[in-house]
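Below: one structure in C-alpha cells.
Chains: A, B, C and D, in written order; residue numbering restarts at 1 for each.
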C-alpha cells in the first residue's frame, strides 16, 4: 500500500515508560514518527503527546482499530484519552462574519492558496453585505439575520445549516453576535473566536474604545475557543501592536486589524493541524 | 553669552495662531527651535506643545521672566499652563527597590554610562540585600524597613529622606510595598512604577502567576505614574513578550524581566527629557 | 467659503526664525495648523517640515499662488524646496502583481474600506491569474505579459497604460519583474516595492531561500522606493517575524507573508498622507 | 539511590524505530524522559534528538557506560553521534569584554540570581576599566591587554588563562578584538559572540553606523557561535528593535543595547541547557 499519514493525540497521567511503550507499539505496526511533541503539566502531572506519523503497513482506519485494542493495554490505569486523525479527513470550516471583511478575506485567501490545512465550506453572516467579496473564492454564502427577540430562531437555523454542511469547525471572524449557551451545548464542536484585545484586558464590547480610554500604548488580539463565559475560553494565540497618543479609536482599529488577521490565522491553522490541546482552560500549542 | 538649552511645555485650548504667536515670541527673544512636537486631543480640543530650543541671547532663567510676562498675553483666554525646564537643572532621581535587582542595576548602569539625562542620587530599599550591588556605582544606599502596622512611620522617614536628598523623581524599580494615599499627597512629585503585566490586565499582586493561570500567550510590562488607585495611573510605556505552555511561573518571571527593564528605562528617560505630558489619566509621549 | 485642507512640505537649510516666519505667513492667510512635524539632519543641517493644515479663507489652489510668491521671500537664501498638496487631489494608484495575491488583496481590501487615502485605479499583471480576485473590488485588471527578449515592448506598453490612467503612484505588490533604468527614468514618478527580506540582507532573488540557508532566526520585509540599483532605494518601512529550525522555505514564505502585507500597507499609507520625505537615500517618515 | 538528571543529545540518519529503540533502552535502564524534542533536516534526512531525563537506577556516569555499549547497537549503520551531559557538571563560563559593560553586567546579574544554568568563573578584558563593576559579583577579573603587533602573545596568554580556569564556554560580551583562526583552533571549544546587527546585514565594524547610513527602520542583534569567517558562524538567536529618522548613531546604539543584552542571554542559556545543536552552519534550538 501507499503510506498514509495521521496525527495521534494522547493525554494521560505521567509515568515512566509511556514513550517507550507507545513508540514501540507504533513501530511494530509499521508507523514512522515524523513529529513528536510532548508536555507535562507541572501542577497536576498530566501528560500530553502529539505524534504526527506515517503508516506504512495499515490504512489509518485500520490502525485505529489496532490502537483501540492496544493503547488501553499499554497505558492502563492512566486515565487515558486519545484521538487519531487521518490526514485525508479534511476539516470542514464555516466562517461567520458580520460586516467587517478583513479576517474573512484573509482566511479565504489562505484557503485559496491551499495553506489552511482544511476546507472552507461556507461563509455565514447576519448581514448580506460581504457576499460579493466571497464570490471569487467560490465558497457559498448564507445570510442568517439575527432579529431582536428572535435570536433562538436564528440560532436554530444556524445549527441546522452547520449540520447540513457537515461543519467540524466554526470560526468567528469578527461575528458581532454572542452565541447563547443553549446553542453552544447543542453544537458541541469547536468554535474559534477572534477578540480584538489582549485578553483578559478589555472583555466585551468595544475593546478598542476601552483601550483608547485607558490610554494603553499597545493594543492586542486574542484567538480563543468559545465557552459559555464571554471572552474567557482557552487562549490559542495572542499578539500586540504599538499605538500612540496620536491614535484615535479609528486609528487603533486600523492598526489592530493586522494582528487580528494574523493571530486568527495562526490559531485556525494550529487547530487544523491538531497542534492545540486544551487542559484546565489553558491550551498546549505544539508549534 | 554661550547659548543655553531648555524645554518649554505648553498646554492650552486650541486656536489658530498659537504656533505663529509663540514661535515669533521665541524668535524675537533669540531662541532657535531644535525640536517641536504638538498634539491636539480630538475629544476636548486641548492643545499640547513641547519645544526644545537653544537660547542665544538670554540665560534660561532670564527667559523665564520674559515668558512669564509675554506668554499669557500671546495665549490669553486659552486656560494656558506652561513649564520651562533648564537643561542644566538635572533631575535628582531616587530608585526604590525591595529584593529583585534587575531594574535597579539597569538604571544604575545607564546612569553610569551617562544615558539617563538625570542623576541617580540614592537607592532606598526596605531590605538591605541589594546594597553590595549598588556600591560600585557610587550611589548611596538607604535601608528603610517597613514593619507591619508601622507603615506610616516608614513612610514618614521615607518622605524625610526624599526631601533631604532634594529628590525630584521617584522610580519604583520593583519596590514591593504599596505607598499610601497620605504619602502620595505629602510627597506631591512624580513617581514612576513598573508593573509586571500588560495593564489593565492583572492588576495587583502576583501578575505573573495570574498570567500563568489565565493561560495567556504573551506577558507584559507597564511603566506608569503612581496615583492613589492601585495600578491605574497614566501609562507611559508598555511592551509584551511571548510565553508558551511550557513556561512555569518562574520561567514567565525570567522572560518578563527583560521587558520590565527596557520599559522602565524607556519611561524614565522620556520623563527626564520632558517628553511626557499627562492629560485626563492618559499620557502624551513625544518620541 | 468652506474650509479646505492641505499638506505643505518644506525642505531647506536650517536657520533660526523659519518656524516663526512660515507659521506667521500661514496664520496671516487664514490657515490653522493641525499637524506639524519637523526634523533636522544632524550631518548636513538640512531642515524638513510637514504641515497639515486647514485653510479657512482661500482655496488651496489660491493659497498655492500666495505661497509661491511669499515662501521664497520668507525663506530666502536657504535652498528652499516646497510642495503643496490639496486633500481633494487624491492619488491614483496602480498595483502591479505577478501570481501571488496576498499584498494585492490586502491593498484592495483597504481601498474597499476607504482606508488608503488614495484611489486604486487599476491592477496590472504579467499574468492573467489574479483577475478573478480583483473583480469584486470593481477595479480594472490589465494583463501585460513580459516575454523574454521583449521586455522593452512590455515596458513601453506599461508606461502607456500608466499614463493613460493618470497614475501617480505605482505599487509593486510582489511583481516579479525588474523594471529597467530606462523605464524608471521615463516614468519619473514614485514606485514603492515590497522586498521580502530585511534589507540590506538578502538582496535579489529568493530571499526566503537565502534566509533559510543562512539559518537566520527572524525573517523580514522591507518597503522601499524603487531606484535603479536593485533593492537599494530609500527604505520606508520594515518589520521582522520569528522563524525556527523547524521552518522549511515554504513555512518561512507563509510566515513572511503577514509582514509583507502590513509593511507594504504601512508604507503606501504613509506615502499617500505625504508623511515620507526622501533625503540622501534615506527617508524621514513623520508618523 | 537518589535520582540524577541528564541530557542526551543524539544525531544520526533518520529511520523508523529510532524513538522506540532508544526510549525502550532508557526505560529498561530506569530512566524517565522529562523533555523530548526532535527534528529532521528536510534536505539531508539527518535526525536530531534532545532528551532531558531522570535516571532512577544508575548514576549518570554509569549510564554513560551503558549507553556507550548499547546505543551503537540500537542505532547501528546510522552514522551515530551522541553526547551525554550530567546536570551536576556545571559549565564554566568566561565572559570577555572591552569597555562596554551592558552585556557583561546582565550576564553577571543572571549568574547572581542563579538563572544561568552554569557558573561564571571569570571576566577577561583587554582593558581594566570594568573591573569595579565586576567586584560585587565576586567573580575574578583579568586584564589581558592586546597590543598592536603583539596579538599572538595576548592570545597565548588568553588560552593559558582559559585552560587554567577549566573554562568550557567563552562568551564575547562586546569584546572588541577579532580572535585569530590560530587561537580558535587551539582553543577548540564553543565561543558565543553577540554582534550588534541583524546578520548577515552589516558584517564587521561599526554595524550601528552602517545601519544609520543605510537608513534602516529596525536594528538587530545576533548571537552566534564564532567560526573563522567573521560574523558568519551558526546563528543561535536574533532580535530587532525599531528606529526612526530621528535617531542618531548614538541613539541607535542606546536602543540596540537592550536587544544585545536579551539576545545574548537567551543564546547563552540555550547553550548551557544543551538546547542548541549545530548542523551545516545552522542551529537547531529546542526551546
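FYI, contacts are C-beta pairs under 8 Å (C-beta built on N, C-alpha and C of every residue); 3 or more make two chains touch, one makes a residue touch a chain.
If you're wondering where the values come from, they're calculated on a predicted model, not measured in any experiment.
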Look at the interfaces A-B and B-C and say which one is made up of more C-beta pairs in contact.
A-B
Measuring between mean CA coordinates, which chain is farthest from chain A?
B
For the pair chain B and chain C, the C-alpha centroid-to-centroid distance in angstrom is 37
Please compute the C-alpha centroid of chain A, do the same for chain B, then give the distance between them in whole Å.
42
Using the touch definition from the top, which residues of chain D touch two or more other chains?
244, 246, 287
Contact set on chain D toward chain C in their complex
39, 42, 198-202, 214-218, 220, 234-240, 244-246, 248, 281-285, 287
Under the definition above, what is the set of chain C residues touching chain A in their complex?
101-102, 105, 109, 112-113, 115, 132-133, 135-136, 244, 246, 254, 258, 261-262, 265, 287
What residues of chain D sit close enough to touch chain A in their complex?
16-17, 19-20, 23-24, 26-28, 30-38, 40, 56
